[in-house]
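Chain naming follows the written order as A, B, C and D, and within any one chain the residues start at number 1.
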Amino acid sequence: MQDFGLPSSQVYTPEIRFVDIDAAGIVNNATYFNYFEQSRISFFEPLLGKKWDWNAAGMVVARHEIDYRVPILFNDDVRIVTWIEHVGTKSMTAAYEVFKKKQGSWVLAAQAKTVLVSYNHSEGKPAPWAADVIEAAEGFGYGRPDF
Amino acid sequence: MQDFGLPSSQVYTPEIRFVDIDAAGIVNNATYFNYFEQSRISFFEPLLGKKWDWNAAGMVVARHEIDYRVPILFNDDVRIVTWIEHVGTKSMTAAYEVFKKKQGSWVLAAQAKTVLVSYNHSEGKPAPWAADVIEAAEGFGYGRPDF
Amino acid sequence: MQDFGLPSSQVYTPEIRFVDIDAAGIVNNATYFNYFEQSRISFFEPLLGKKWDWNAAGMVVARHEIDYRVPILFNDDVRIVTWIEHVGTKSMTAAYEVFKKKQGSWVLAAQAKTVLVSYNHSEGKPAPWAADVIEAAEGFGYGRPDF
Amino acid sequence: MQDFGLPSSQVYTPEIRFVDIDAAGIVNNATYFNYFEQSRISFFEPLLGKKWDWNAAGMVVARHEIDYRVPILFNDDVRIVTWIEHVGTKSMTAAYEVFKKKQGSWVLAAQAKTVLVSYNHSEGKPAPWAADVIEAAEGFGYGRPDF
């Protein structure tokens, strides 16, 4: 699937599971963060390789912010566009826009940002990004893509 | 809290979270197995000690069966009674009855059983239970308690 | 995707989310039931139409049983084959086999069955299946498919 | 339980379920928002009454922000202090501090804020808060409590 004319790793299509819908009949607000987790994995995998070990690698979530605009329902068709806003020595900001199909066109359903911190688990403290992470990010490019 | 005149480790009170309720307005059928997981932890902790490491210990779920009778709703008051039916050399059967308060009395909402297998993770195969597990189980006693 | 030479509605490919993996490093035993929920939706949708309302329709889970054989890991490639074993006047038994790719071939990872009951929510009791459910099931055929 | 010398409705004790722990061995970042959901319910229940219908009432999550400081582990003892920062005509800001016990003292594990919007589901748009919500909030008081 090729949406928005972007690389497929940058456009994640979440499966909206029946159980993701809460008692209010919409995707629970917490579940978006699981979708973002998958979006990041999808985004970084081609950059860092399938064997990227998410536990060892020490990319830790330090902050989230999200604005919900339009609720997501069970049969909705959803896409999440992910990009990197900025990479620092020990942190990185990822950003997302969540779209859903409404009467044939994509509507912005939510916007969010995550600050990720590079963490050395054996030393128990933040550490500079590995060179391959920085290179991959720079090669891909920063900021919201045009689409 | 002392319900049914049983040891508190044998009567687990699940928190019914808003997110546990699915689009049908009831606790999702899968979520019961998370309640049972907590019931088992609650049951075994006083027997095996707080420091019991659930990952290392190698108590693996091999089988579940469950009969749902009455759905659980958001504000329901729920208790899960847990016991051990039988302990074999490498396996064990736990059983549960789920009750909810309805017009002042406890109603059976579900019944379930779990077969647990003792697993040696370093060897990658089932292994006999550690002596302290058997002893703890025997000390506690087998079968559905009277209540 | 066409796996096992079966209709695509009968072969569900679950997304194994990072969050589906529990502290033991494997898909949590409860999460399988969410995969089965999606498998059933995928199975019934072409039979009953996209507009099938899962809340109104009153297909209620009355019983599950499952045998776990091989744990599912984060990057595993998984397929769930679903079929109907039997349809009664007010109940139905669905069955599943869960496979994962291991060194190039599909390995049976779990087997399960679900008893579904037809429920009239306005009357608050089981009710005979609607004619279109029976017809759809009969048209599709009963029992484990050859594959 | 009376922690921090605050009303019990303002100090929520989440159950840290085994399944809340993800493959990284810590409470998944998304799960905090389910804890906050329960914190809000616990906070508002004595103010608005047990029969407060969370679906009809139209308190919709419009925004979250969270800073994670110290990860939460399986056996951690956790408290979440909740308060209202501000109430507008159609929105409200709730704030939370998450503490965990570490070597005998409470350590700040996360801080978060949620913007809630009053929503009239039948009209499909934001609406002024019901008078009893405003009164309850004013009676309770705004801002981070001293503790």
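In this text, a residue touches a chain if its C-beta (ideal position, glycine included) is under 8 Å from a C-beta of that chain, and two chains touch if they have at least 3 such contacts.
None of these values were measured; they are calculated from a predicted model.
Engineer: Tell me which chain's centre, taken as the mean of its C-alpha atoms, is farthest from chain B.
Structural biologist: It is A whose centre lies farthest from that of chain B.
Engineer: So which has more C-beta pairs touching, A-D or A-B?
Structural biologist: A-D is joined by more C-beta pairs in contact.
Engineer: Using Cα averages as centroids, what's the distance between chain A and chain B in whole Å?
Structural biologist: Here chain A and chain B have centroids separated by 36 Å.
Engineer: Averaging over Cα atoms per chain, report the distance between chain B and chain D in Å.
Structural biologist: Taking the average C-alpha coordinate of chain B and of chain D, the gap between them is 29 Å.
Engineer: Using Cα averages as centroids, what's the distance between chain A and chain D in whole Å?
Structural biologist: Whole-Å distance between the two chain centres: 25.
Engineer: Would you please write down the residue numbers of chain D that are in contact with two or more other chains?
Structural biologist: 18-19, 23, 25, 28, 30, 34, 37, 54, 74
Engineer: Sort out for me which residues of chain C touch chain B in the complex.
Structural biologist: Of all residues in chain C, those touching chain B are 23-25, 28-34, 37, 54-55, 60-68.
Engineer: So in the complex, which bits of chain B are touching chain D?
Structural biologist: Residues in contact with chain D: 14-15, 17-19, 34, 37-38, 41, 50, 54, 74-75.
Engineer: Can you tell me which positions in chain A touch chain B when the two form their complex?
Structural biologist: My answer: residues 18-19, 21-23, 25, 28, 30, 74.
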